[in-house]
Amino acid sequence: MFDRLSFPQPWLSLILFLIWQILSDGVSGGSVVVGLILAWLIPQITHGFWPERPAFVKVWRMPAYILRVLKDIVIASFSVAWLILTPRNPRPAFISYPLRLDHPLAISILASTISLTPGTVSADVSDDNKTLLIHALDATNDQEVIDAIYNSYEKPLMEMFQ
Amino acid sequence: MSPLAEYAISALLVFGGAFTLIGAIGLARLPDFYTRLHGPTKATTVGVGAIMLSSVIYFSAIGEGVGISEILITVFLLMTAPVSANMLAKAAMHIGVKTVEDTEGKPWEQ
Amino acid sequence: MELLFAIAIGALTTSGVYLLLRARTFPVVMGLTLLSYGVNLFLFASGRLATGQQPVIGTTASYSDPLPQALVLTAIVIGFAMTAFLVVLSLRNLADNENDHVDGRREATTAASKVEQEVSSK
Amino acid sequence: MSLPLVVLLPFLGAIAAPLFAQGGRTAIAIASSVPALIALAALFPHWSVLSAGGTVLHTYEWLPVLGLSFSFRLDGLALLFALLILVIGLLVIIYSHYYLKASENVAKFYSLLLCFKGSMLGIVLSGNLLLMLIFWELTSLTSFLLISFWTHKQDARRGARMALAITGGGGLALLGGILLIGNIVGSFELDDVLAAGDQIKAHALYPVALTLVLLGAFTKSAQFPFHFWLPHAMQAPTPISAYLHSATMVKAGIFLMARLYPALAGTEQWFYMVSFTGMATLLLGAYIAMFKHDLKGLLAYSTVSHLGLITLLLGMGTQLAAVAAIFHVINHATFKASLFMAAGIIDHETGTRDMRRINGLWRYMPHTATLAMVAASSMAGVPLLNGFLSKEMFFAESLQLNLPGLWAWIPPIVATLAGIFAVAYSARFVHDVFFNGKPVDLPKFPPHEPPRYMKFPVEILVFACIMVGVFPTVSVGPLLYSAASATLGGDVPDYQLAILHGFNLPLLMSFLAFFGGLLMYTQRQRFFDFHAQLKEVDGKAVFEFAVSKIEDMARSFTKWLENGSLQRYAMLLVVSVIAVTIMPLAEHGFFIGENGLSPVDWPTGIAAGVLIIAALATALWHRERFYALVLLSVVGLIVALAFARFSAPDLAMTQLSVEVVTIVLLMLALYYMPSWTPMESSRSRRVRDVLIALAAGAGMTLITLAMLTQPFSSISEFFLENSKPGGGGTNVVNVILVDFRGFDTLGEITVLAIAALGIYAMLKNTALTPPPGDGLGHAWTRDHYPLMLRQIARPMLPLALMVSAYIFLRGHNLPGGGFIAGLITSVALILQYIASGMVWTEDRIPFRYHNVIGLGLLFATIAGAGSLAFGYPFLTTTFGYITWPVVGKFEVASALVFDLGVYLAVIGATLLALVSIGRLSPHSAIKSKMEGA
Amino acid sequence: MTHWLIAPILIPLLGGILQVFMGYAPIGLRRTLAIATTVLMLVSAVVLLALASDGSYRVYAFGNWQPPFGIVLVLDRLAALMLVLTAVLGLFCHIYASGGADEGNRQFHTLFLFQLMGLNIAFLTGDLFNLFVAFEVLLIASYGLLMHGGGTSRTVPGLHYVVLNLAGSALFLISVGMIYSVTGTLNMADLAVKIPQVTGSNLNLVKAGGMMLLVVFALKAAILPLCFWLPKAYARATAPVAALFAVMTKVGIYAIVRIYPLIFGDDAGELANLGMDWLFPLALVTLSMGVIGALGADNLKTLVAWQVIISVGTLLAPIALGSEAGLSAALFYLVSTTWTVAALFLVAELVASQRGTAADKIITAPKMHHRTFLSVLFLIGAVAASGLPPLSGFFGKLLILKSVEPSAEMAWLWGVLLVGGFLTLIAYSRAGSIVFWWNVDGHLETPEPMNNRVAVSTGILTCLTMLIVVLAGPLSDFTRATAEQLHNNQDYINILQTPMHVPQNPLVGEIN
Amino acid sequence: MIVIALYLSIAMVTVAALLNVYRLIKGPDEPDRVLAIDTLYINAIALIILLGITLGTRMYLESALLIAVMGFVSTVAMAKYLKRGSVIE
């Protein structure tokens, strides 16, 4: 278990270290020491749980993606709020979205993004990971939704996970 | 506390509360399960996120340190809300929860 | 506030006791869980109610009674252990008697399944 | 020392007897005789004291708090009985030697016989009433074992049980009586009790004490209406009948009445209770004896009758009657024991005891016949034999009773009537057995005389009958005088032991009895016909009916109350609580305390409303189980919020974590269970339960209300003051948990650990078939481990571990600690199980949960025990601040190690419990690390 | 302060932890270590008995926190007596179990040792909430033990036992809450100081709390109407477990004896002798119910299980009357009846193992193996249990009978006790004569062999009743002194004045 | 001003919680109920944060953090129960 003095998942270790500094309410000598210990120890315990290493080739694209998603989330909320508050009934639809991504984590991130953004919820991933079932709250045109998702999210993700 | 902080905090509080409420209204009045699923995943998450942000600002402003635990909570929520929604949608489709009549398309399992 | 708190405990007790008196293990387990919620609140309340006086030294001017809190914490964990055991014992009962009656009675098949159908067709 | 030795010897012999079993029957018989011989020798030297009217007393302290001492006391009465016990005991041992078959368990027989003898000697030699009672009950026990010696015989077993029930039960009554006497006198020492006769008789509780003592005596001596056990005890081997049921045990009751004569006799109660019981027994026994076709049956009822006679004599209350009673004890013992032995010989030689088949034995065994005829004559009261003498005294005394008016006639008439019956059954014993034509269809034919020395004991006893009958003064005079003197407490009346007292009314009664009896016997067929018309009330049948009735009633009563219904037991518990709690509350009225009510803020109000609604809804919709579960988790959530709202952050966190684990646990179980609870309770039952539940709820509400509004102060000031300086932490709740009350916490994690281990063991061999789909008819999906869940679960694990570490480390100073951290880690791991399955997850967990539990407990214990090394008590903590060059100031607290133990124990226990249930699922029935235990 | 006081807790705790790790060790090793642990525990109990017999109180303050603030263990005669009683019982049950009854669950010894630990904590603790924790420890272990050994017959009684005890635990907590809410303390000595000072409407709360607590103890002790969970649960448990459980009801009685004379004793003003007027009639009814149950029992174990209830009634009646003599008598009887009932459970199990399908049912069967041995043991047990001389049960009952002064209570107590004894005698004689003597022809299917450990432990436990008779003098002296000590609660209260080792936490800052 | 905003916010979140309870009780399907309680968990987070602001203490933040973690696991378990029956397999 603790067979080596290494960081099997350096990214994870880094994130954990940073989170520890956040949790400890500021950087201090103590928090650095404990943070280092945890950044080493926790991945030692958990690395077995990551059978397929995520291939973050272009991690630097991640912050931009996240910011974009956050922005969309806020917008999404307004549009959903509008739908909820207006008396007319929305026109919901189930849409099958053809996936181009094949990495499970990437699919998962995409599905999450879809759920968090305007009017769509990822309802299911097909058994062969090729299709995503999306429930749209108010869809007039399926293809529009598919195109929007592809352009806004799947393409950036594909760039990241190559 | 600076007036700016005060405005920000107040605005965020009201915004957060409003969106939480809107999410709940959606849950209460949208016509079927699948449409109701949208409320919590978006409006409520955003609402709570806003309230949390106001908390961060508030505690920084009153000199209680930079409260970033709230950010962690928000990250957790953002990470988990889609999965919850996904799991519930799967469950609903499995059970065969009915959609409103004018829904286009069908869940796979029906 | 006190009245509200008391009524809440009363409601938990009422539901808990009613479920405790049911004939199937599952409601009984739920009854005991509700009862223990009520009991924990009660034991907690034996130190009286206070707002924003968490017994963490230096965080407020005055503190609520920490002792009942420690007792309730112990009680919660013990209650969990006991509930877990009971749940598993119920499973064992189910395995041994082919139904989950608290007295291990064999199902009076016709009557019970009829009722079940009534429920499911509702 | 010699007196305790006399009692002790037979018991030693009883232990030793089996050791001689190897040496054969003769060896064991000889070995069994030795104690009696030594005992006789030990008693002999005391005669000089006794003949001078003295007593010998040996006392050793035992249990002063009870008033119980090893007190042994020998006086004339005790000596008389001791001699009977020892001498007849010896004869019975000789007789048994020939009587028992080689195949029988001789060692057990002698052993029990010696035990009985020791107990009997204990009764008569006890100088302390409680000690006497101990021996008294011992005779009941040993006789129980002896009667059922032939355990294969159902009648023997039943007879034994009945004898035990009656005499043992009587013994308990006697115990009550003795305790009352002891209470009155202030001592259980016989000397004190005998000296306090007047005090006892004057006491208000005298009638109760007397009744209880007499119950003991009457049951033991087979007095009406308890007489019925005796004939059925005759299922015992004949030597036992001869010894226990004629000579000794049944005389214990007589002995008791004689023993306590100075203390209890001489009152009207005594007179009426004892004499009328005796009279009834006398007549009834004599009457029934005539109709018994079983030889031993005849003798048994005759014994009952004679016991009645002696009792009647004791009951009369006159001194002469008491002397006659003692005299008859001797006489009856000799002739009846010899008759039993003769009957045993006949049984032994013919194979039956049925007098309808045994006829004309005179031709086959004249020697035995002669002996039996002499003994029977003594029983009938033929002159020149000992039975005649005491019977004459009895007749004489029956005339002396001062009863008013016509009542005065009753005793002599009863006496004469009993005499007539006695002659009749004696005549039957002689004529029907030894004459009266030829034997009919005997199992053993032809019968012949028994072995020479089997008759020897009979000869001795018959010789004694004659000797006493002809030379009463010489043979028994001194012994009788000494015994009578002891019985009466010194004042022995003038009496004469002559063969004949001249021609007087008693003699006339004797003549009447003799010829009347013969006449009755010749006319026996008429009486048999008459008796046959009567519906015989068999005491045994009544007893057994009563006992089996009692047992049946007990069984149905028990089944009715203890009906196996948890609902009833739980209801009883709840109702009991309501009952005992409401009383003190109602006494002072319900109240709101001095502090009064504080205002409600409406968010709290709404939350409480939701809690109340959810709680009631859980009960209302409990039959839809999943729904109820969801409602339950709402309740749990709001309880957690309530803790946060009322200043208990630690509790809020604990409640939240525990609640989620509980819900997962319930769902794990619900998988195998029906999704709906069937409607089973009747409407009235539900209404009843609702009322009970409402009462309980109302009670709790009122109590809570009263409690919350009372002013209050507690020891917690100390915790608040000492938490930081003494415990090294600012989170007082945590410091209480790991320090001030760390021992509670140690117990609590032990509970958690045991629960998990118990769950694991309980489920290990449990097979459950899950339903193929939910209750609505949907098959389960094949999608075991959804992709999104799997993907999110993985980053959740390190994050949650980080949060755990955070919560754990800050716990001493801020809300958190080992418990909560442990639960977070557990939940994070559970999430892995949910997302990716048992096998996958366990492959990645490199430890056994058992060991995690053990390690947790070990850490906590070691952390607690560390202080022992410094001489401080268990669980004494220490802490300090270490300043490292770069890092800065660090707090190090030994309580943290303890909390680490808590953390590990929580993880191990929670996961072991949940995973054990998960493993039941057929899908996970694949080999994993946990298998095998 | 002597550290011996924690020995009876730490020894089984460490032994139990060791067993947790040794799940896969050979069973022989596990047994040896487990029994060695029990022996050590017995040794420590005997040491404590020797310490306690000087009549003083010894206090052990966990964490070096002075009472009433920290949790304390308090050793007095009563605690020492219960410890030795339990340790002896535990040892023989454990030896019996190691004859094979411990198989089938690798954690049997763990549960067994934790059970003993829970009992010992209960007997030693001087803290009301810690008593709750002790109860939970011993209960959860008992749940596990009750379910030990497989088979479906014990599931339902086990379920009932668990559910009722969970409800009981809830009540315990409520009572603690009510008492704490008025007195603000949990230490028993401190409660004894504070409760007499309670006035006004607070009396209500304390009274209700005290009564509720009594119900909790009554449930553990199995007093009517809260006794019906017991017979089936005990009758169906594995023999050594049932035998160990003989002491479980006594824990309820112990708690009553420990708490009520101390806290609600004669000095408690308006709260003096709280609940005792309820307890006396209930004790007698319980006794009667036990006798009725015994009469109606259709197997030996059920018979013995009802005997447990008879004992409870017999014990509580004199306790409820509140005299020193009665308490002393009850304690004497408690020792006797606990061991006797335990021995009878073991005998019943051995009988069952020798009679094929007839098991321990009170029905005829072919002659069993080892009949003489077993029948003698049963006889001894039955005589002791039904209170016949010359065995210890008799002396216990005699002391109880003698402890009451002439009064209406005396009439009731005597009547019920004597008649009850008579009917018990009938029940035992019927059962024994049918089971041992009434043999039908035929052969038993191969009976289980009886190994030495099982036979010897049963034999010795059975014969302890004789040892009690031999030691009746010293034992009754001890129980009398114990009763005296319990009735003089001022000395107990004085433990609050015990000076601590060092008044403040001494190691603080040492690392600095 | 903060006080008013706080008051408004609390009011809206509380009403939101009530609406969730309404959905929870109304159903009509089990997923609706689980969705309702999931939302209720999130509302509870908001309430605790608001409580913290009201009291001016951060003592309760970790409770909110825990609700986030625990509420998710609870929802996931319930959802899995609804479609698989077996939560851990």
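Just a few scattered comments:
Every chain is named by a letter (A, B, C, D, E and F) in the order it is written, and numbering of its residues begins at 1.
Assume a contact is a pair of C-beta atoms (placed from the backbone, for glycine too) under 8 Å apart; a residue touches a chain by one contact, two chains touch by 3 or more.
Chain-to-protein mapping (UniProt): A = Na+/H+ antiporter subunit E; B = Na+/H+ antiporter subunit G; C = Na+/H+ antiporter subunit C; D = Monovalent cation/H+ antiporter subunit A; E = Monovalent cation/H+ antiporter subunit D; F = K+/H+ antiporter subunit F.
Keep in mind the model is a prediction, meaning the values are calculated, not measured.
Shared contacts of chain E and chain F, meaning chains that touch the two of them, come down to C, D.
Comparing mean CA positions across the assembly, the chain most remote from chain B is D. Counted by C-beta pairs in contact, the busier of C-E and D-E is D-E. Chain E has its Cα centroid nearest to the centroid of all protein Cα atoms in the structure. Put simply, the C-alpha centre of chain A and that of chain D have 74 angstrom between them.
In this assembly, the C-alpha centroid of chain A lies 16 Å from the C-alpha centroid of chain B.
Chain C and chain D have Cα centroids separated by 40 Å. Per-chain Cα centroids separate chain C from chain F by 21 Å. Those residues of chain C in touch with two or more other chains are numbered 20, 25, 28, 40, 42, 45-48, 51-52, 54, 56, 59, 67, 71, 74, 78-79, 81-83, 85, 89-90, 92, 102-103. Along chain B, residues 23, 25, 37, 39, 45, 47, 65, 67, 69, 72, 76, 79-80, 82-83, 86-87, 89-90, 94-95 each make contact with two or more other chains.
In chain D, the positions touching at least two other chains are 564, 566, 570, 574, 629, 645, 649, 668, 670, 700, 703, 707, 712, 714-716, 719, 740-741, 744, 748, 751, 754-755, 758, 762, 774, 776, 781, 783, 786, 788-789, 792, 795-796, 799, 803, 814-815, 917. Pairwise, the chains that make contact are A-B, A-D, B-D, B-F, C-D, C-E, C-F, D-E, D-F. Chain F contributes residues 55-57, 59 to its touches with chain C in the complex.
Listed in rising order, the residues of chain B touching chain F in the complex are 6-7, 9-11, 13-14, 16-18, 20-21, 23-25, 27-28, 33, 36-37, 39-40, 44-45, 47-48, 51-52, 54-55, 58-59, 62, 64-65, 67, 69-70, 72-73, 76-77, 80, 83-84, 87-92, 94-95, 97. Taken in their complex, chain D has these residues touching chain A: 783, 786-788, 790-792, 794-795, 797-799, 801-803, 805-806, 809, 832, 843-844, 846, 884, 886-890. The touching residues of chain D, counted against chain B in their complex, run 774, 776, 778, 781, 783, 786, 788-789, 792, 795-796, 799, 803. Of all residues in chain D, those touching chain F in their complex are 602-603, 606-607, 610, 613-614, 617, 626-627, 629-631, 633-634, 637, 640-641, 644-645, 649, 652-653, 656-657, 659-660, 663-664, 667-668, 670-671, 770-771, 773-774, 780-781, 783-784, 789, 796, 800, 803, 807, 814-816, 820, 824, 827-828, 830-831, 833-835, 837-838, 914-915, 917-918, 921, 923-924.
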